[in-house]
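Next come two complexes, and both contain subunit A; in the first it sits with subunit B, in the second with subunit C.
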Partner chain A sequence: MTDERNADDEGNVGDVGPGFMEAADHSVRQGIQGYLMGFALAALLTVASFYVLHTTLIWGPGIVVMLGVLAVAQIGVHLVFFMHLTTAPDNTNNVLALAFGILIVVLIIGGSIWIMNRLDERLMPIEQTTGQTMQMP
Partner chain B sequence: MLGKLTLNAIPFDQPIPLIAGGLVFLVLIAVIAWVVIRGHLPYLWHEWITSVDHKRIGVMYTLLGLVMLLRGFIDAIMIRSQQALAFHAPGYLPPEHYDQVFSAHGTIMIFFAAMPLMIGLMNFAVPLQLGVRDVAFPTFNSTSFWLTATGALLVNLSLVIGEFSRAMWLPYPPLSEYRYSPDVGVDYYLWALQIAGVGTLLTGINFVTTILKIRAPGMSYLRMPVFCWTALAANLLIIAAFPVLTATLAMLLLDRYLGFHFFTNSGGGNMMMFVNLIWAWGHPEVYILVLPAFGIFSEVIATFSGKPLFGYRSMVAATMGICLISFLVWLHHFFTMGAGGDVNAVFGIATAIIAVPTGVKIFNWMFTMYGGRIRFTTPMLWALGFTVTFVIGGMTGVLVSVPPADFMVHNSLFLVAHFHNVIIGGVLFGAFAGVTYWFPKAFGFRLHEGWGKAAFWLSLAGFYITFVPLYAVGLLGMTRRLQTYDVAEWRPWVLAAGVGILVLCGALACQIMQFIVSIRQRELLRDLTGDPWNGRSLEWSTASPPPAFNFAVLPNVEGEEPYWEIKRRAIETQQLTAEPDYKPIEMPRNSPTGFITAFFCTITGFALIWHIWWMVGLGLFGAYVVFVWFAWRDREEHVIPAEDVAEADRARRRVRAQWLAQNEREEWLAAHAEVSEPA
Partner chain C sequence: MSATEVLRAPHPHEFDPYKLGHGNGGGHHDYATGHGEGGPASKRVIVGYGFWLFLLSDIVLFSCFFAAHAVLQTATAGGPTGPQLFDPFSVALETACLLTSSFTCGLSAVAAGVRNMLWTQVFLFITGILGLAFLLLEAHDFAAMMARGASPQISAFWSSFFAVVGCHGGHVTVGLLWLGTMMAQVFFKGFRPNIMRRLVCFNLFWHMLDIIWVALFTIVYLIGEGR
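Now for the complex of A and B:
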């Protein structure tokens, strides 16, 4: 449609939708540069996570934590370099949407784990209720 | 070749579904024959079926909702009459058929009546209120509608080919697992909902994008009408909650089709996980339905009280508060599961808290009416009926939010009465208020007031006569979904509820008469001004019905009630604003993409239900081809020339100039002097 449909809060024309940012502000070269940087970082983080598995640099039980840290960093790299999530004012919607999404996921997954664990604690083991052993996969 | 489908699938031995299905089929054939013979088919195809105009899609959604409401209401009549007859007797519905009836009633009413009504009204009104020309993704919108229609079609198909689910409106395992429901009923339910669910999710994405990214110049967030805010909240909830539904039903499908063990007791599954997940969607769903209704009441009450909405900002805060808290209460649907006192306490308290923002809204509506000049039109009557009824339903809701109290009434008819109280009193009254309020905008003539008021009073009376006895008999211990019973104390209450449903039948007849009489007397009820109710928001500033492009020039918004401001200024200065400089307008081209995709999805769904695997492949391939074909089209828009825009707008301006001449300045100012100040 016409660009008047893209008026933002202050009525400014020219606030284009997400994904069109580069076309508006950057040259193609800068765009490719960004993608390459993102690719390099993502590859580095992937290699690092394989590396920490087989290294003695980190204390054994700490490896899981390290993998978690690397995974979160990976999410961050993807969001910034490939999803173009920035702190610019025209990106507020995207940041808020991400925050809302994370909140809902935390609520539903966290809530479900809590509820089902409490249920599990309060139930008799299945062997006792049915008098037979169940096969677990 | 045809999977599980044989001639036995058609229930020749059960006269009720066969006759009902046959009748529907005959009516359908008659309608199609009439359309073809009278030569309306090209019109229907070009102007409606392939239309990507949000107004047309909104009207079709609403129509689908009303038709399915009728179907669900027939199920309700069957449930009530069965229980009225089934005292010490088998009644007229055998158990396996009765179980289908109550499962279909719940499924249809929530997914295919309430949802299309709310989404239809959002579709129609939100872009107009935002002062824009269409939604963000018009073809998406059409696809959403046709996918929803596919779901509705599959549910109705189960009437004559095979059977519907007998596992309640939420198919709890283990009953819904293949071992206990090996027939196609649950599969009809699951695939109908999966396909319609995709459509609903697309709607959610579409409307959130529209409201966040496309608004008239100057319309900041805090200048949007409250209906747009509630639509935003409802669609955020759709985006967050519907994937949970899809994933949960997909797990059940894997259990049924591929022998997985998500919700079976054997193989390490847990059926309570289904209950937990389905309600993690189910509770937000309640607010997806009722928030837009709250928005409609806000518009209606402000308009017919002749005052700005009281406490606009608190209304917005309450809406967004409900949006968030609605994700914190889902366990109250299964307090009795046994997760323990601490879990129940947390969710019980969260449930009680969610009543607070709702209470804020009720007070805001009351203070809006206070000191206003209230016009008791049909939409306003629905709004008034809602405030009283919804408060009662809300109070019984807070009662059952207390876990010990909930243990007493769990799965009783008290609970059934409670949720009908909030859904009928909230969502359905809201839908009727919205339909009567925006009908003149959509079609250019008003609905008949007499029949509308008769429908309202009969609905209100019928609702109380039906559901107050159900509260009482629920407290006497009658559980839901009883096919037969033998407790003498319950009998009078059940009979009273049966009388109530008869009154509701009268209300339905009045609703139908309202449409028939209004269409026949449309010249008498014609509204030429485009502003039949003396409205306050932008949808009333354009003609009725609005042109395809909605606004000749996008309005410049300078306050919370832009159209009210425009009117006030016009009357004070005794002239309309200067004629704008008309420009050609680009509008999206109509596209059959949605309809054809839905056609192939119907084939896919039907084939999956009956295990006809080659047909599944055919349907999926067809749908993919349509997508590719759509992606490769090179002309997406057509241009409406400036002369056409000017002509349409000049006609509107002539009418508005007449209106201005009739409205004497002093008189109008005197009439609105005290009410334009906050009381």
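Now for the complex of A and C:
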């Protein structure tokens, strides 16, 4: 158990998976500062999202885009400050898996919205079709 | 210049800030673990990676619910629409609860990192209380919506709404059960390596729930209201 503990906790300074806080050269103060920073940034972005909804500062249709940008920014803050996703070499696998996950999510959500909107455009509204059939003798 | 001099690598710390050549200072002296001759990566890295893959697959699951909800935005079938029944204040309160719980969960990880039993338990407990407050608020919201005629069977819009928000709420419920289990395990078994790895996984899970909630309040509540 001692060996495992050493290998787990004292070695591998640059060798941390997502979510793991404590490497050898991280003090408690640094850890708390990191989470405080993430919390402040995330709170700021959340408040901005709720504020943007009712603002007249931005052109109406742009609000949805702005909300999307704020959400993506906040997810980024969470990944970096809370889940400790870094560019360190031992995080390469995690980052690659995340990239693949984002690809799938974009395909599912973007593809669904795209296809269903095109279908809506191509199909005639129901009232119109029923009106036409009723007019036909 | 002899062959041995050419082959000899310079001292890695001079040019290798990420210790690609010296993954750890321990047993495998000259190689990073997880890189070929360096041997397998440490168990913590592997466990974190595996759980990360599970979380990503969970996010893909959620993306299907999100896609359904986005497609069914206007399918209210003459019934009440979302903006008529959403309570922005309650959503803001739920967001605050979950974000703060994510923060205290991180603080519990810091405390567990230095093996401080008291603060680990205190922060885990606060995390649980905030998670429970979130769930109660959400249940209250659901009850209020149903009382005003928006149950899942009213229209496709409300079906997809209760599916995506309910799925997140279900995840929070499971997370709370896990949280209670972890508090008991940390208390009775101490900060053993396997318990520490479970704490890492729980932290990742809880932060992932907050990420899903960010997407959820943006897509379902804010953008839904903006339309």
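Everything that follows uses one rule, which is that the second predicted complex is superposed on the first by the 83 of 137 C-alpha atoms of A that agree within 3 Å, B and C clash if a C-alpha of one lies under 4 Å from a C-alpha of the other, contacts with A are read in each partner's own complex, and residues count from 1 in each chain.
Methods note: a contact is a pair of C-beta atoms (placed from the backbone, for glycine too) under 8 Å apart; a residue touches a chain by one contact, two chains touch by 3 or more.
In this text, all values refer to a predicted model and were calculated from it rather than measured experimentally.
Of the two partner chains, neither subunit B nor subunit C is touched by A:Gly62. In the superposed model, more residues of subunit A are touched by C than by the other of subunit B and subunit C.
Applying the stated contact rule after C-alpha superposition, one finds that A:Leu123 touches subunit B and leaves subunit C untouched. Of the two partner chains placed by the overlay, subunit B and subunit C both lie in contact with A:Gly101.
Using the contact criterion defined above for the overlaid structures, shared-chain residue A:Ser112 touches subunit B and also reaches subunit C.
Taken together, the two complexes place residues 1, 4-7, 9-11, 17, 93, 100-101, 104, 108, 111-112, 116 of subunit A in contact with subunit B and also with subunit C. Of all the residues in subunit A, the ones that touch subunit B in their complex are 1-2, 4-7, 9-11, 17, 93, 100-101, 103-104, 107-108, 111-112, 114-116, 118-119, 121-123, 126, 134-137.
Of all residues in subunit B, only 132-134, 212-218, 220-221, 236, 240, 244, 261, 265-268, 270, 272-273, 276-277, 280, 324, 327-328, 330-331, 337-340, 342-343, 554, 556, 585-586, 588, 637 touch subunit A in the complex they form. Taken in their complex, subunit C has these residues touching subunit A: 18-20, 23-27, 32-35, 41-45, 47-49, 52-53, 56-57, 59-60, 63-64, 66-68, 70-71, 88, 92, 95-96, 99-100, 102-103, 106-107, 109-114, 192-193, 196, 200-201, 203-204, 207-208, 210-211, 214-215, 217-219, 222-223, 225-227. Per the touch definition, subunit A reaches subunit C in the complex via residues 1, 4-22, 26, 28, 31-32, 34-36, 38-39, 42-43, 46, 49-50, 53, 63-64, 67-68, 70-71, 74-75, 78-79, 82-83, 88-90, 93-94, 97-98, 100-101, 104-105, 108-109, 111-113, 116.
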